[in-house]
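Across the two complexes that follow, chain A remains constant while its partner is chain B and subsequently chain C.
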Partner chain A sequence: MSDPVLSVNELTVSFGTRRGRAKVVNNFSYDVGEAETLAIVGESGSGKSVSSLALLQLLPTPPARVEGRALFRGADLISMTKSEIRGVRGNRVAMIFQDPMTSLNPVRTIGFQLMEPLKIHMGMSDTAARARAIELLDTVGIPSPGGRVDDYPHQFSGGMRQRVMIAMGISCSPDLLIADEATTALDVTTQAQILDEIRRLQEEMGLAVIWITHDLGVVAGIADRVVVLYGGSMMEESVIDQIFDERRHPYTRALLESVPVSGGDRPHRLKAIQGLPPDPTRLPPGCPFAPRCRHAVERCSNDAPRLRAPAEGHRVACHLDPADFHD
Partner chain B sequence: MTAYVLRRLFQMALALLGVSIIVFSLIHLVPGDPVRVALGTRFDPDVHAALTKRAGLDRPILVQYFSWLGDAVRGDLGVSFRSGQPVADLLFERLPATITLAVAALFVALLVSVPLGILSAVRSGSKLDYGATAASQVAVSVPDFWAGIMYILLFSLSLRWLPPSGYVSFSDDPVEWLKHLTLPALTIGLISGSILFRFIRSAVLEALHQPYTRTARAKGLTERQVIWSHVMPNAWIPIVTVVGLQLGFLLSGVIVVEVIFAWPGLGRLALLSVQDRDFTVLQGAVLLIAFVFLSVNLIVDLLYGYLDPRVRQK
Partner chain C sequence: MTETLLDVRDLRVHFPIYSTGIRRKEVARVQAVDGVSLSIGAGETVGLVGESGCGKTTTGLAILRLVEPTDGSVSFDGDEVGNLSKGELRKLRKRAAMIFQDPFASLDPRMSIGDSISEPLLIHKLFPDRNDRIDRTCQLLEKVGLSPNYRDRFPHEFSGGQRQRVGIARALATEPDFVVCDEPIAALDVSIQAQVMNLLEDLQDELGLTYLFIAHDLSAVQHLSDRVAVMYLGRIAEVADRSQFSAGLKHPYAESLLSAVPIPDPHLERTRERILLEGDVASPLDPPPGCRFHTRCPYATERCSNEEPSLRDLGGGHQVACHLYD
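Moving on, here comes the complex of A and B:
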């Protein structure tokens, strides 16, 4: 891999709470390369959204405390001043959020909201920004964009609004797009269209994408590499073709098994993972997944496993060798 | 839009009709004979009968109501029992004082509540926020008559800066007008401002935590741009509602404060008419107050359409 667009190193995010500090992201490290799509997968509360909000300094500090480094084209996003990070937000690194219904301002026109980044980052005039906004709407597949640019968000459907969010995200030709559960609120057909759209833009613009989701189906469709987060810690990282293999981290396997399969021979019960995700104020001293792991041995609950690389393009945090698993 | 305004005006007329029925029947249900009160110690059964007949009070109540309503629609609210002056004249004599005080009080209220409310929300949890919230709690809890008396004691009797009571019209003497206006406006304005402060603070806080605010930040806008272009346009919507309600209350006459400062407004007129059993004046005053209140509400609803595109569409 050539120089990564983003290189996150030992990112740790904690929040001050009444019951002590909650460590929500723990020594999280990963790289994203040019035109690559990295999927960050995990269940609710695994720290996947928080870790990406921290990159753009979008977490309120305090209560949040962000440590570690995130080198974006060589400059550390975490230690940037307010005005430096503002120059990156929406410009070099863009973000799309989960809920298209509430992520757009209801009292501002689509055009107004699309024109803002163009005016502040590219210094466009109102007329130029408006013309570009119409182009962008066209790019993301909004029919008759000239007539829709002055509409308000409530006049758009959920899928259309997410397209608007994407248009906003790509408006300044960013190097990196972070999509936080960007298709979760959409129906499957719309979801597929949005995924296609992102893939197309990625090919055209050489865009690097971080795709945050809990949906492994989406991951299979879009990602080049996958990072699995659990309790704020990285459990496993792998290229996409291998993640569905046998030799996986027990958590990844459990996650895969809990995906409903259609067209199986006979109806079978979903294998849900027993127990609950760990309380971030009282993380176990060992592997965060140990209390719920079918294969856990004594060592797992005392000693946190470090990431090791059993093969090229594969990192895993587990004391055990997946080859030893027999279910 | 025109259809909407027309519909609202029709609803307003219906509401006023309802108010008129309630006011009329309440006044006539309450014991107390206005003619007897007007005569006082010079009571004479013959004069009493003659006056009652002249005022039409011997007629059935429904007849009285419809004749009063018919006149009222044409702007004739009858004559005062006490003074014999037309009620409409009495009311319009008092209206400028009430409007002056209401607008001045609202001005004070907005001057305090808007900047403090926004600042407290933006810096929620700061010392400024705690201080302003505590101060507003105190200001809301203090009764208006007590605050008014304290201001008079301090600013008029001790410091001798401002007159303790009375009203001077602007056209007579602008400086004296302002001096007389200051204390009553401050008394109501600070209370009203404390109520507004709490609403503004929570409206801004709510908008600050919406996903669209995060989107605005993620675009690279400055915090100032985020607040003025994204947070406030949403926060104004609930704020306008409360400001409208407050203005409605202020315009309806603030009875206690008007009495303390001998302010010749609608509230004091209404109170006096109750004491005198001057029911024609009371009817007129209540009807006018209801009219003013409903008009302010209508204006607020029209402002909604201006502020919120989702309302405009419907």
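Moving on, here comes the complex of A and C:
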């Protein structure tokens, strides 16, 4: 692989709470390469959103404390000054959020909001920015963009708004796009349209994408590589096929087994994961998944497993070998 | 098929929209549900799927008369729900319960969960003695996999999955025959969804419940249901049982909906053909004439834009509303 676009090293994010420090992300390290899609998978509270908000300095500090490094094209995002990060955010690294209704300003037209980054980051004139805004709306598949550019967010449907968010994200031709549950709020048919759009844009622009989601189906369709997070720690990282085929980590395995697969003709009982995700203020001393793990041995609850590499490009944090799994 | 418990015929729910001002004139109607027919046998689970805004929740609410139907008939165990008096309706709601989507909004934050669960018992005067009522509440909590000691706790002390269990316990308090489950797992985490789905299945086996399972998640619906009904813009497009579903859905909308569901298998995802729908769902304020799907349908002919297709039986109870299958 050539030089990665983003290289995150030992990222740790914690929050001060009345019940003590909540460690939400623990020593999280990963790389994203050119034109690559990295999926970060996890349940709510696994730290997947917080870790990416921390990259763009979008967390209020305090209460948050961010440690570690995140090299974007050689420059560390975490230690940048406010004005430096402002030059990167929305310009070279863009982010799309889950809820397109709350992330658009309801009292400004779509055009105004699309033109804003163009004028700030690219120094475009009003007329040039407006022309580019219309072009962008066309790129993301909004019909008659010239007529829609002066509409307000409430005049768009959910899927359309998410397309506008994508248009805003790619407006300054970023190197990296972070999509945080970007299709979760949408219907499956709309989701399929948006995923297609992202794939197309990625091919055209050579964009690197971090796709944050809890939906393993979406991951299977869009990702090149997958990182599985649980309780703020990385459980497994690998190229897409290995994650699904080998299922080396018990959590990955349990997650894949707990979703119903449509097309199976005989109803089988789902293998649910018992228990609840851990409380970040009281993380277990060993592996965060140990209390819910079917295969856990004594060692798992005392000794946190380190990431090891069973194969090239595959990292797993588990004491056990799949051969030890007694299903 | 077993005895029919619920029979819905040509159900319509229209919401009028009024102009502003003193003389509130009706200016339009949202045709949320427009001619839905569906029957559910005792002990059966029927899944109702569709995109947001297709009228699936309104159908569920109208069946229990939690919204007043505009037209059509709903008969529950032989009784016409539309004709019931207030007192009789209360008796119906003892036998037909509902589990709501949002476990955060459907529980009163100022009531302990024990009180929430025992409220239906109080209303229906089922366990007049306080201690019996408490026993029953504890029993219900255990049934849904929560500790009876949680009785005095409040909703904010629970996670989403646990709250949904409380909602299920409350729905089961009066020992209903029929439960409408409106998106019971949509708000839950992936690892918790399976727990709740298994619980619903276990309870059905144990108590002989009949479910109407409303969801947008086709794979979850297919997993739980004996029959699946696909809705589009206020109408049913297709009804198929488990084997017909696996053999392939027929209606172009049902087909494309199924093909849009992402499959957690990268090999399949790379190779399978996807049917991408163009555009958005038409507005239920002004649904297109003829087949409501014809504006987005890849196979639409002229007939589709003029003539409304009716549900026809393709054999074995497999019903499709599409001119392609005439």
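Criterion: the second predicted complex is superposed on the first by the 325 of 327 C-alpha atoms of A that agree within 3 Å, B and C clash if a C-alpha of one lies under 4 Å from a C-alpha of the other, contacts with A are read in each partner's own complex, and residues count from 1 in each chain.
Throughout what follows, a residue touches a chain if its C-beta (ideal position, glycine included) is under 8 Å from a C-beta of that chain, and two chains touch if they have at least 3 such contacts.
Bear in mind that the values here come from a model prediction, so they are computed numbers and not experimental data.
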Q.
Looking at the superposed three-chain arrangement on chain A, would you call chain B and chain C a clash or a fit?
A. fit
(Q) For A:Pro117, using the defined touch cut-off, is the partner it touches chain B, chain C, both, or neither? Pick first, second, both or neither. (A) first
(Q) Contacts for A:Met168 in the overlay, against chain B (first) and chain C (second): which applies, first, second, both or neither? (A) first
Q: Quick one: classify A:Pro277 as touching chain B (first), chain C (second), both or neither.
A: second
Q.
Of the two partners chain B and chain C, which one touches more residues belonging to chain A?
A. C
**Q.** Apex chain A: angle to the C-alpha centres of chain B and chain C, given in degrees as a multiple of 10
**A.** 70
**Q.** Partner chain(s) touched by A:Gly74 [first = chain B, second = chain C, both, neither]
**A.** neither
Q. Is A:Arg108 in contact with chain B, with chain C, with both, or with neither (first, second, both, neither)?
A. first
Q: Could you grab the smallest C-alpha gap between chain B and chain C in the overlay, to the nearest Å?
A: 6
Q. Looking at chain A, which of its residues have contacts with both chain B and chain C?
A. none
Q: Would you pull the chain A residues touching chain B in the complex into a rising list?
A: 56, 58, 86-91, 94-95, 97, 99, 102-109, 113, 116-117, 120-121, 152, 154-155, 165, 168
Q | Residues of chain A defined as touching chain C within the complex | A | 43-44, 143, 157-160, 187-193, 195-196, 214-221, 223, 240-241, 244, 254-256, 258-265, 267, 269-274, 276-277
Q: Please give the residue numbers of chain C that touch chain A in the complex, ascending.
A: 51-52, 159, 161-162, 189-195, 197-198, 201, 216, 218-220, 222-224, 242-243, 246, 256-269, 274, 276-277, 279-280
Q: Note which residues of chain B are touching chain A in the complex, please.
A: 210-212, 214-222, 225, 229-230, 233-234, 237, 307-310, 313
